[in-house]
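Next up: the structures, one after another.
Same chain, two partners: subunit A is paired with subunit B first, then with subunit C.
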Partner chain A sequence: MSKAQQAEPAVNTPPAPGPRQTDGRTARRPLALRLLARPEVGVFLGAVAVLVFFLFAAPPVRDGSSMANILYQSSTIGIMALPVALLMIGGEFDLSAGVAVVTSALTASMLSYQLTLNVWVGVVVALVVSLAVGMFNGWMLVKTGLPSFLVTLGTFLILQGVNLAVTKLVTGNVATDDISDMDGFDQAQALFASSFDVGGVQVKITVVWWLVFAALATWVLLRTKYGNWVFAVGGNKESARAVGVPVTFTKISLFMLVGFGAWFVGMHNLFSFNTVQSGEGVGQELIYIAAAVIGGCLLTGGYGSAIGPVFGAFMFGMVQQGIVYAGWNPDWFKAFLGVMLLGAVLINLWVQRTATRR
Partner chain B sequence: MTDKTTSAHGAAPTGTPADGDRPLVELRAAGKSYGNIRALHGVDLTVHPGKVTCVLGDNGAGKSTLIKIISGLHQHTEGEFLVDGGPVRFSTPREALDKGIATVYQDLAVVPLMPVWRNFFLGSEVTKGPWPVRRLDIDRMKKTADEELRNMGIVLDDLEQPIGTLSGGQRQCVAIARAVYFGARVLILDEPTAALGVKQSGVVLKYIAMARDRGLGVIFITHNPHHAYMVGDHFSVLRLGTMELSADRSEVSLEELTNHMAGGAELAALKHELAQVRGVDTAGLPEEGDLQAPVAATPEGKS
Partner chain C sequence: MDRSSLTRSRRIAPFVAVAAAAALTLAGCSSGSGGKKSEEGGADASAGKASTPRMTVALVTHQSPGDTFWDIVRKGAQAAADKDNVKLVYSADPNAGNQANLVQNAIDQKVDGIAVTLAKPDALKGVIAKAEAVGIPVVGLNSGVSDWKDLGLLEFFGQDESVAGEAFGKKLNEVGAKNAVCVVQEQGNVGLTQRCDGVKKTFEGKTQVLNVNGTDMPSVKSTITAKLKQDSSIDYVVTLGAPFALTAVQSVEESGSKAKVATFDLNKQLTGAIKDGGIQFAVDQQPYLQGYLAVDGLWLYKNNGNYSGGGEQPVLTGPAFVDESNVDAVSEFAGKGTR
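Moving on, here comes the complex of A and B:
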C-alpha cells in the first residue's frame, strides 16, 4: 500500500500557518431565535400567558393585594427553587429538600423552647444542622458515586421519620409549641416574616429576599468562577475534573446551598406561624424540582439559569392562587400543575430545537 | 526494562539522547497495579522539550494507564516518576497542571454545552476585582481565546457557541490551544486522531508539530503508526502492559513500527488458528516471516 510512502516526507517541515479567514459557516441567527434559545425565555412567555389567562378568568387577580399574595406564594416556592435549580445545573437533584425545610424549623423551634434560649440561638443551630444535612448529601454522593436520587431518597426518608419521631418524643405532640413570646422573636420575625407597605398594599419580605437571592444567584452563575464550575460539573464531570475544577467542593457546596435555602424557608415558616407541624414538607421537593425544570433547567445538568426558576415559581404561585380567586375547586391545582409542567417542558424542547437548529 | 528492550530491529536502548538536554518528564521502570492486576510494568519513557514522544499500543496495552499516571489521575505503584529530574507523585490533575503537564483527552476534553471561551478558560478562569465582587474578566477571556485560537489557525465567528457544535477536529484543536496557552511544557495527547477523518487528523497533526516547534515536549498516544511516524521523534510500543519497543526515529522505519503495532508474531499465530476454522481462506495471509520483513500493509486496515 502507498500509505507508507506518503508518510515518509512531511516530517520536520513546520506546518503552514492556517488560513486567515472567518470560517463563514456560523451565519448569525436572527435575534428572535437567539433569544428563544436562552433557557429562561420560554418560561417567561409561559408565565406571561398564565398571568394574562387569570387576569381574564379571575377578575380579583387584578387587585394589588391579590398580586402581593400571589407573589408571596411564589416566593416561598421560589426561594427554594433557586438552590434546587443551581444544584440541577450542577447535575444533581435533592429529594430531601422539602422535609429539610421542616427539619430546620423544628430544630430552631424545639431547641429555643425546650432550653428557654434566645430564638437566635435556635436559628443559628438550625442553620448549622441544615448545612450539615446538605453536606452529608453531597459527601455521600461524592464518596460513594451513587446517583443523587438514591442518596437523597435515603435522606428524605430519614428526615421524615426523625421529624415526626423526635417531635413526638420532645413535645409529646405532632407540632411544636408556640414560640411567639420568646426572646428575640420579634427581631427574627422582622428578618424572615415581616411585611411592608407599598402604595397601600402589604408585601411580604420574602418577596424581596426571593428577588435578591435570584439576582445574586444569576450573578454568581454567569459572572464568577464558581458559576463556571457549576455548569462544568453538571455538563461533564470528568472533563471538569481533568482541567482542574474542584468537582468535590462544587458538588458538596451546591448541596449545602440547598441546605441554606431550606433553613431560610424553614425560618420563614416558623416565624410566620409560630409553630411547626412535624409532618409537613413531604411532596414539596417535587414542586421545587418542577419549578426548576419549568424554569428551563436541564434535568441532566449543565444547562439552565437562575432567573428561569423565578418565572417557574411565579407560574406555580399564580396558578395556586388564581384557582382560588377564580372560585374554582382548589383540588384542581395539582392537575393544573401537571399539565403546566408537561406543557412547559414540551415548549422548552420545541423552542430549543427550533432555535438551535443549524 | 530499558537495557533489555527487545532489539530485534536494531533499536538501541532508551537513554539520554545525543542532544543531552534534561528530560522534562521521565519514567523509570514505572508500573501500576490495580489490586492484583498489573496494568503496567517496567515502563521507561523520557520526554524532551521540542520533541514528540509517541506511545503506541493496541487496546488494553496500558496506554491509558500510562497517561493517567503522568497526568495525575492515578498514582504509579512501582518504579520512579520524575519531573525536571525530581521524583513526584501527583494526587490530582491540578498538581500535574501546576508542573506544566497538560493532558488533552480523547473524548473528555471539553464540556459540550458550554461556550467555546468558557471551555477555553475552564479551571483557570481570569478574574478581576476584590474578593466579594471578584468576577470573571469576560472581555479579556474572550479576546485572549480568540487570539490564541487564531494563532493556531482556528477561526471561529462566535465564541459564544457551545463547543459541542464544533467538529471533532476543531474541539481537539481548541483543547490543544488551551493547553499551550496555559503554559504547558508537556502536552499529553490521548488518541487525538482516533475518531477523526483524514483531513481533520491532518489538522490535528499540524498542531502537534506546531506545539513541538514552540518547544513543548509532546506525548502523542495513538494506535495509528502512520500518524505517529509523521510527527514522532521517539517511539515506544506498549504491549500487554510492558514496553515492547523503544526507539528513536533514526532507528526504526515505518514498516517496522507498523509491524510491531500489529504484533507480527501474534498474527502468525492467529493465522494458524484461523486455518482450523472451516471456511476461512488463509492461503493469502502472510506468514510470520513475511510480517517480520518490511511489509507496508496495515493488517487491521487502519489508516
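Moving on, here comes the complex of A and C:
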C-alpha cells in the first residue's frame, strides 16, 4: 500500500445491505482510479500534454538535440526540486534554496582561488557550508517553533546579502575569478558538468544525476523507515512524535538534504561556467517550489511523491524552452509561462478530484 | 576544574583534532596552476591626495544588486573620492520611487554634492528640485542625457544606453551581420531595453529580442541554445552583459550554429575571449569614467567653480569599442575589475 493513499478522505458509508462481502472502506477500487489517485499522475498527464503541444507548435523541438537541451534545463531545476519536494512532504518549505545554490558555488570558487588550492578542497568545504546552512534552517525551525516561511525568509535575505558582500570583500568584484585552469578542475567538471554522446546527441550528465537522485528519493520515500517518518511529520507532527517518530531529526535532515541539492547544483554552475555571479539565484526558490507543487506535493505537507517533481521540472523546462522554440513574442514570455503552469496545475487538480471522488 | 567544563573540553577535543587535520590536509592540496598566486603582482592605480577640505558626496544609482557594470561605476567614483579627499556615500535601488527616497536621504544628511542616474527622470524631478532649493549641487551620470538640462542639473557624464545601442547597431552593419538576436537578461529593465532598441534603430538587418532568466546561468545557456535552433539564420548573438556573452559562446558551440557573439560591457574573462576570437567585440561606455568624473566634477565645482560642458553639453564617456586590435591595452585594466 503506498503512502500517498493515506491522504485519501475517510469514507463514512454504512455497510451495504445484502450479501456483499466488502464495505466501502475495504473495497478495492478499479486500477485506473487507483492509479489516478497517485500524486504524480496528474503532472504526468500535464507534462505529456505540454510535450505533445510543443511537438506540434514548435518544429525544432522534434530534434534530438533540442530534447537534450530541454532535459538539461529541466535537470538543473529538477535536482533541486527533489529535496524541496521531500521537505514539502515533511511539512516545511525553504525560501533560501535559490540563493543557497549560489552561496555554495561562491564558497568553492573563492576558497580554491584565493588560497590557490586544489578545487576539490573548495568543493568539499562548499558541501560542509551548504549542509550547515540547511542544518541552521532546520535547527532554528525546531528550536523556535516559527513557521519555515519566516525562518527561511531570514536565511534567504542573509545569504543574499552575504553572497554579495563577501564576494565584494574577498575578490573586490561582484563575480568570482575564473578557476578553469586550476588543479582538479577537469575531474570536477567531469563529475558535475560533462556531457556524453547518445546516438549523436550530446546529453548533459546532470540529466543522469537527476534521474538517479529521483530513483533514490523514491526508494527512500516508499521503502524505508525514514520515508515513513517524512510523511508522518508532514501529516501531523504531534501524532508523529507521539508514536515515536524522531521529528527533530527528520526535519533537520530534510533541510540538510536541500543543502545537499544546493551544493550539487552550485557545483554544476561553477564547473560549467567557471565563474559565479554573486547576485544570481534570487527567485529560483519559487521555481523549485513550483516544480514540486506542480509535481503533486501539497503545500500543507504529508502528501506527494519524488517522481512527481521530476515531471514538474520537466514541464517547467519544456514550457520555458518550448516558447523560445516556437518563436513566440518574447515580451509575453512570462505570461505564457504562467498560463501554461496554471493550466497544468488545473489538470492536476481535476485528475486528483476525479480519481478520489466516488 | 569543575565537571561541566571538563566534559565540554572533552567534547571540543575531537572537533579541534578534526580542524587541525583539515588544516594539514588543506596545506597539501594546493593547486599547481591558476589561482590567486599566479595573479598577484601589479599595483593599483593610486595617486596623491588633495589637500582641499573634506567634503561628502552621495552617489545614488538605479543599480540592481550584484550588477558588474555598476560595480565598476562605483569603483571609479571611489577612486576619485580617495584622490579628492571626498567621503563617498553610495546607495542604489532599481525601483525609481526608492531611488528618490535615497536622494532625499542624502539631502537629509546634508551632503556637499549629489551624483544621480536618471533612469526614470520624472520620478526624481521633485526630489532633485528639493536638493537644488537647499543649495546642494546635483550632477547626472549614465542615464538621462535628454533630461538633465530640464531638471536643472549642473553637468552630465556618460550617455544613454540607447546611444551605445545605436553605435552597436552600426558596428553590426560594418561587420556584415544580417540577423541578430539581442539577449535581455532582465525582462523590463529600462537600460537593457534601451540598449536593444538602440541596436534595432541603426542595425539594417533583422533584430530579435530574447528574454532569459539572468539569475540562473544554466537557464540562460539553454534558452540561447533553443533560440539558435529555432532560427538557424541568426548570425550574431548580442548580449547585454559580459557574463552572458561567455555563456552565449557555449550555447553557440552546443547548438552547432555559425553565429558570432558580441556584447555590451567588459570583464576580465571577456577580454580573454576577445583575444582568442570567441567573442568578436565589446562596446564599452567606460562606467569607471562615469563614476570618476561625476565625483571629480562635484569636487571641482566646490573648490574652483568649474563645470564641464558649461551646463549646455553633456560629457560623453563612450561608446568605446574593444576588439582584437586594442584588447591587449584594455585587458590589463579589465583584469583589475576597473574597465
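We adopt the following convention: the second predicted complex is superposed on the first by the 323 of 358 C-alpha atoms of A that agree within 3 Å, B and C clash if a C-alpha of one lies under 4 Å from a C-alpha of the other, contacts with A are read in each partner's own complex, and residues count from 1 in each chain.
FYI, a contact is a pair of C-beta atoms (placed from the backbone, for glycine too) under 8 Å apart; a residue touches a chain by one contact, two chains touch by 3 or more.
Keep in mind that this is a model prediction, so the values were computed, not measured.
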item	value
First (subunit B), second (subunit C), both or neither touched by A:F231	first
First (subunit B), second (subunit C), both or neither touched by A:L31	neither
Touched partner set for A:L169, first subunit B, second subunit C, both or neither	neither
Which superposed partner A:R223 touches (first subunit B, second subunit C, both, neither)	first
Which of subunit B and subunit C A:Q73 touches, first, second, both or neither	second
If touched residues of subunit A are counted for subunit B and for subunit C, the larger one	C
Which superposed partner A:G302 touches (first subunit B, second subunit C, both, neither)	first
Touching partner for A:A242 - first (subunit B), second (subunit C), both, neither	first
Partner chain(s) touched by A:A335 [first = subunit B, second = subunit C, both, neither]	neither
Residues on subunit A engaged by subunit B in the complex (per definition of touch)	1, 3-8, 10-11, 14-26, 28, 219, 223-225, 228, 231-232, 235-236, 238-246, 302-303, 358
Interfacial residue positions of subunit A with respect to subunit C in the complex	58, 60, 63, 65-66, 69-70, 72-73, 76, 98, 112-121, 160, 163-164, 168, 171-175, 177-185, 202, 268-269, 272-275, 277-284, 287, 317, 320-321, 324-327, 330-331, 333-334
Subunit A partner contacts - residues on subunit B that touch it in the complex	71, 73, 92-94, 97, 103, 105, 108-114, 118, 121-125, 127, 134-136, 138, 150, 152-158, 161, 165, 206-207, 209-210, 213, 226, 229-231, 254-255, 258, 296-298, 303
Residues on subunit C engaged by subunit A in the complex (per definition of touch)	25-26, 29-39, 64-68, 71, 184, 187, 208-211, 213-219, 221-223, 225-227, 229-231, 243, 246-247, 250, 254-256, 267-269, 272, 337
